[in-house]
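Every chain is named by a letter (A, B, C and D) in the order it is written, and numbering of its residues begins at 1.
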Amino acid sequence: MAETKIKVAIVGGSGYTGMELLRLLLPHPRVEVAAVTSRQYQGKRMQEVFPSLGSSGLVFSNPAVEELTAAGQAVFTAVPHQEAMEIVAGLQGKKELRIIDLSADFRLRQAAVYQEWYGPHRAPELLAEAVYGLPELYFSRIQKARLIGNPGCYPTSVILGLAPLLQAGVIEADGIVIDSKSGVSGAGRSLTLGSLYCEVDEGFKAYKVGGEHRHIPEIEQELSLLAGRPLQVTFTPHLVPMSRGILSTMVLQPVKELTWKDLRDLYEDFYSEAPFVRLVGEKDLPNTLRVRGSNYCELGWRLDRRTGRLIVLSAIDNLVKGAAGQAVQNLNILMGWDQTLGLTQLPLYP
Amino acid sequence: MAETKIKVAIVGGSGYTGMELLRLLLPHPRVEVAAVTSRQYQGKRMQEVFPSLGSSGLVFSNPAVEELTAAGQAVFTAVPHQEAMEIVAGLQGKKELRIIDLSADFRLRQAAVYQEWYGPHRAPELLAEAVYGLPELYFSRIQKARLIGNPGCYPTSVILGLAPLLQAGVIEADGIVIDSKSGVSGAGRSLTLGSLYCEVDEGFKAYKVGGEHRHIPEIEQELSLLAGRPLQVTFTPHLVPMSRGILSTMVLQPVKELTWKDLRDLYEDFYSEAPFVRLVGEKDLPNTLRVRGSNYCELGWRLDRRTGRLIVLSAIDNLVKGAAGQAVQNLNILMGWDQTLGLTQLPLYP
Amino acid sequence: MAETKIKVAIVGGSGYTGMELLRLLLPHPRVEVAAVTSRQYQGKRMQEVFPSLGSSGLVFSNPAVEELTAAGQAVFTAVPHQEAMEIVAGLQGKKELRIIDLSADFRLRQAAVYQEWYGPHRAPELLAEAVYGLPELYFSRIQKARLIGNPGCYPTSVILGLAPLLQAGVIEADGIVIDSKSGVSGAGRSLTLGSLYCEVDEGFKAYKVGGEHRHIPEIEQELSLLAGRPLQVTFTPHLVPMSRGILSTMVLQPVKELTWKDLRDLYEDFYSEAPFVRLVGEKDLPNTLRVRGSNYCELGWRLDRRTGRLIVLSAIDNLVKGAAGQAVQNLNILMGWDQTLGLTQLPLYP
Amino acid sequence: MAETKIKVAIVGGSGYTGMELLRLLLPHPRVEVAAVTSRQYQGKRMQEVFPSLGSSGLVFSNPAVEELTAAGQAVFTAVPHQEAMEIVAGLQGKKELRIIDLSADFRLRQAAVYQEWYGPHRAPELLAEAVYGLPELYFSRIQKARLIGNPGCYPTSVILGLAPLLQAGVIEADGIVIDSKSGVSGAGRSLTLGSLYCEVDEGFKAYKVGGEHRHIPEIEQELSLLAGRPLQVTFTPHLVPMSRGILSTMVLQPVKELTWKDLRDLYEDFYSEAPFVRLVGEKDLPNTLRVRGSNYCELGWRLDRRTGRLIVLSAIDNLVKGAAGQAVQNLNILMGWDQTLGLTQLPLYP
């Protein structure tokens, strides 16, 4: 007997994140996508806009919030920050509705920090209620949540790499250097010169260097909680000529002598119940190609005996574990299902 | 209640085709991969060789044929031509075993043609029994088969594009011009200068031009059967700087006046029960990116009012519909399952 | 003693063609770029807009036509069709000014044909005077010209491949099938969804299929002249996930028995004084990577003994031999210099 | 009157570095390539092996050392380390011969350090004589040298970025973190699984993490000299899916308050006579695509007001400024020519 499905709505389905949500939710065994909204494509059939997703019969709509809440038991909001908070606030009335917001609007716990990086928060009363949707850290809180702030792509890769170390107190909390590299889909589907094929192909560059990237407060919030005290990081994002993937390279100062195997034990312990974290072997290192299209995160590390530094590497697919896949994982947990439901596809390699 | 699984073996699991079989079969709901062989990686854990496939516990082996037959109810042979026929001949004793051969050894119906293009056939008695595994043409024969010659990647893309037209007799059988373009994974995982990143990246070229490619007899065999008389094609393969995908462009001479919609009707009719064929709309054209990682084939066409020619375009993922996915589709049919089982993943775009 | 330089102006310097003109003209030993115009970047320093071109001191301007004519002895117009004719018409007064137009406005000899494909021609009186700037065919006419219609990228690749054959009458003029593939820079630097990295990367598709591409009349005009009678071609353009390069595959019907060496003689003869045409060897085939960044055109061919067809392949860099490089070659000829001046860079491989 | 040319020989011309030397030297106005050696391609015409380089008439040879010295006034050795020292030692007799070695064999000043990272040095007596060929630091020493140790690609990018800062003493010498990313040509043209297109495309990874890369002692040697005391760096190299280019991201601790403009002054001063160093503007950042195919190095920097760190970015083409271009620059200086001779090509963008 097939199990019953719940109805979900996707608000803002016209970007790469929305498209990825559709890719994962359309074949999900317990989900029916009841509505997908887009101002840009309103009235168009999904098949026409995203032929790769096939002929589901879905049509992009632009419903009022009330209709939206009627549409389903869960809503994914995949619109830009500032817009998301308006929609989420408008959905407040329906208490049984589960909301997974993929923007930055419900990731930061303090409205003042949000304001500093993104502008004024117009639904600050919801911040206390929102749960940061990183299941590897907050599984039991997500189970009971109503509103999820789905993590950013860079923060997911960084926090998964550093959480075990900071919680165990084996590295200095100060002076962490993070060098992250992202595929181009992280920049979205909007028309900007820098996203043109010819501007990206065969080039490599950094951007928003010098503490400018908006994912920094999110990274620092979570790492500070893990470390038990405020910390700041030096974070440099880069653009890689590829469509998907984030690799973060983190240079750390151990507080005591450590071996590769000590760290293996630490990571294994921390992630013993995390089905999507893959620890690579002693002679191996993470590679974004090996997680492409999947919800997996590869973690690896090396000790530099010369300088005493520890280098940790973390690879995810920015659209899956860094966005839509994590959102589906959160839905699974919210609904009490197996957290891997609909996420068991293996990476596409090559 | 979960349904029972059958055990399958993969012979030759170390190339991209073997890897893709594993990607599709490991999460298949009715299949357990009981054995995977590789001379190159014998004794190594699959996880070590292909980390993207995760920790299934599989170890590459190199068993004798007898052990292999004991391993399962179905065997996929993914070894080079000439080697495949030896293994398949060796499996002859076990009549209940289903064999899906991904080499060229059982695709051609006549040993003489095989000999001309590949060398002597050492199991010609099996050719009559083997069924050409293109389910869109031979579904009912596949259901009853014991040995499947799984089609080549180029032939799959070409035959799916031309079958409805040739069967309906709406195009000239003579003078067909086929220009096909393939991603690099079609060249396999062996170490050749021409497969190095720096030799391929940012370059485009043709190869085996002038009637040299070994997929030609396979294409001509099937098109001739559809046309009801022998025909020859001009086939030019090209290499595209991308990992996956084949696009075939076919220039044809209609025998009578046709409209786009006439052709739409013809194709819809022909493929009314083909779940993996997607006909693109009147303003759209096939694109390999839109079938990547999936078993779909996109078909589109245009009439050139100036020259009177019909141009048909066909896009597949060479490793899926062009190899491993089609093999799994064949397994599903052989076993009496829904032919889409384990193949419902949507394409990875972008 | 250094030779004196002439002053040239570039009208429309903000796209990839303008950028490529600057790349080639800034280090040209006999040229000083006196002015470069752009509405989009007016007032900005070239270095700021195109940092790769270095600190020449040039500033994008938007001068009236009169100022422009004052600026130099030669003008390159690299603006869209329809705009180009206005500018060229406005430059009429200055008879000693040499004009090389990189748009389509002065490539077609008949205003009626232009109108059919591009819209009304508002300076038809100039068409008779304009010379089609393909030096391998029209060297002596270019020497005496005042106005050059610089050929399109696809036509350059096709005409260079077919000219010797049509002129010698060794192939049928009817039924020519051309399958061309271009890198993405051919689509220009404007912001369109289809030019985004994530929409292009790892995908391959055809576009403007069925006699729709505007380069068709240009190809047919020149091939008809070579054949000595009107002909039509079936032309299918494709988009390759790479920045530069065009490969054209042309399937032809010989009118008599030919050997590879017969054709070698024919091509060698025809191109004996063409420094930028490279004939590849009997075991080799053209590759766009091997002409990248250079003004070379690689030509190769194969006879298909099975079908009797001749397949010709032609590779160029669409921005160099297909646009800016050819324009510089035309300037060199117009000025009586060695036609290779400033164009002796070897291709960038890899 | 054309100036006279010198004859040069290239030892080991079959890899990407040798190929790039040929690309730059064949059109060099003062150089005639008199000999190019290759064991692999001995007896083959260069045109056959590297068609992109055209028909120079050169044939790969495998001469004895004596013949080699007869061949020219300068020799470039582009063979693997350990092999290079044998050849260079063998060329000792001819005192007027200038030698530019592109391997690691003459970059390190101390045989003991060489031994630790590469193995025993069999010509240690030459180390004192060899000059480290980074013209931006050692111009006058290069002028008088006989033997040049041409710098490694990563060291070139790193040292050019840090030299002004360390010499001025404005950053801490300890704790420097370097995260470098290289295109695939850095791995050479040999057949390894990791260099296959399908293994690289759409993937990003680190390699030799934890103080393992052999360019570390070279970086530390030069940075220590600049700092005036021994220092160690944490260096993590990465592989980017592109053919050419290195970007290094360096995280530093200023010893005093600095502004962007302070640093601009410092860099401008230091590189006032360095024609190949390009300092990018305050709102810009280096990009490998903008130096591709050229000998330029782009440098940029940002101060992170939150953490107090300085981040410096450096982009080069690994095959040009990181290898063959720098070697030609060294030749120019050795011969007393303008150091930019034959190196004035602008970058190929896109």
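The criterion applied here is as follows: a residue touches a chain if its C-beta (ideal position, glycine included) is under 8 Å from a C-beta of that chain, and two chains touch if they have at least 3 such contacts.
These numbers were taken from a predicted model, which means no experiment stands behind them.
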How far, in degrees, do you have to turn subunit B to put its CA atoms on top of subunit D, rounded to the nearest 5? 180
Contact counts by the stated rule: is the higher one at A-C or A-B? A-B
Averaging over Cα atoms per chain, report the distance between subunit A and subunit C in Å. 46
Please compute the C-alpha centroid of subunit A, do the same for subunit B, then give the distance between them in whole Å. 36
Subunit B, residues touching no fewer than two other chains: 16, 185, 198-199, 201-202, 241-244, 287, 289-290, 292, 350
Subunit B - residues contacting subunit A, complex: 16, 19, 23, 26-27, 48, 50-54, 185, 201-202, 243-244, 278, 280-281, 284, 287, 289-294, 296, 298, 344-350
Of all residues in subunit D, which touch subunit B in the complex? 16, 184-185, 189, 191-193, 195-202, 241-243
In the complex, the residues of subunit A that touch subunit D are 175, 177, 179, 181, 183, 198-199, 201-207, 209-211, 216, 232-234, 236, 238, 240-245, 247, 249, 251, 285-290, 292, 302-307, 309, 311, 313, 315, 350
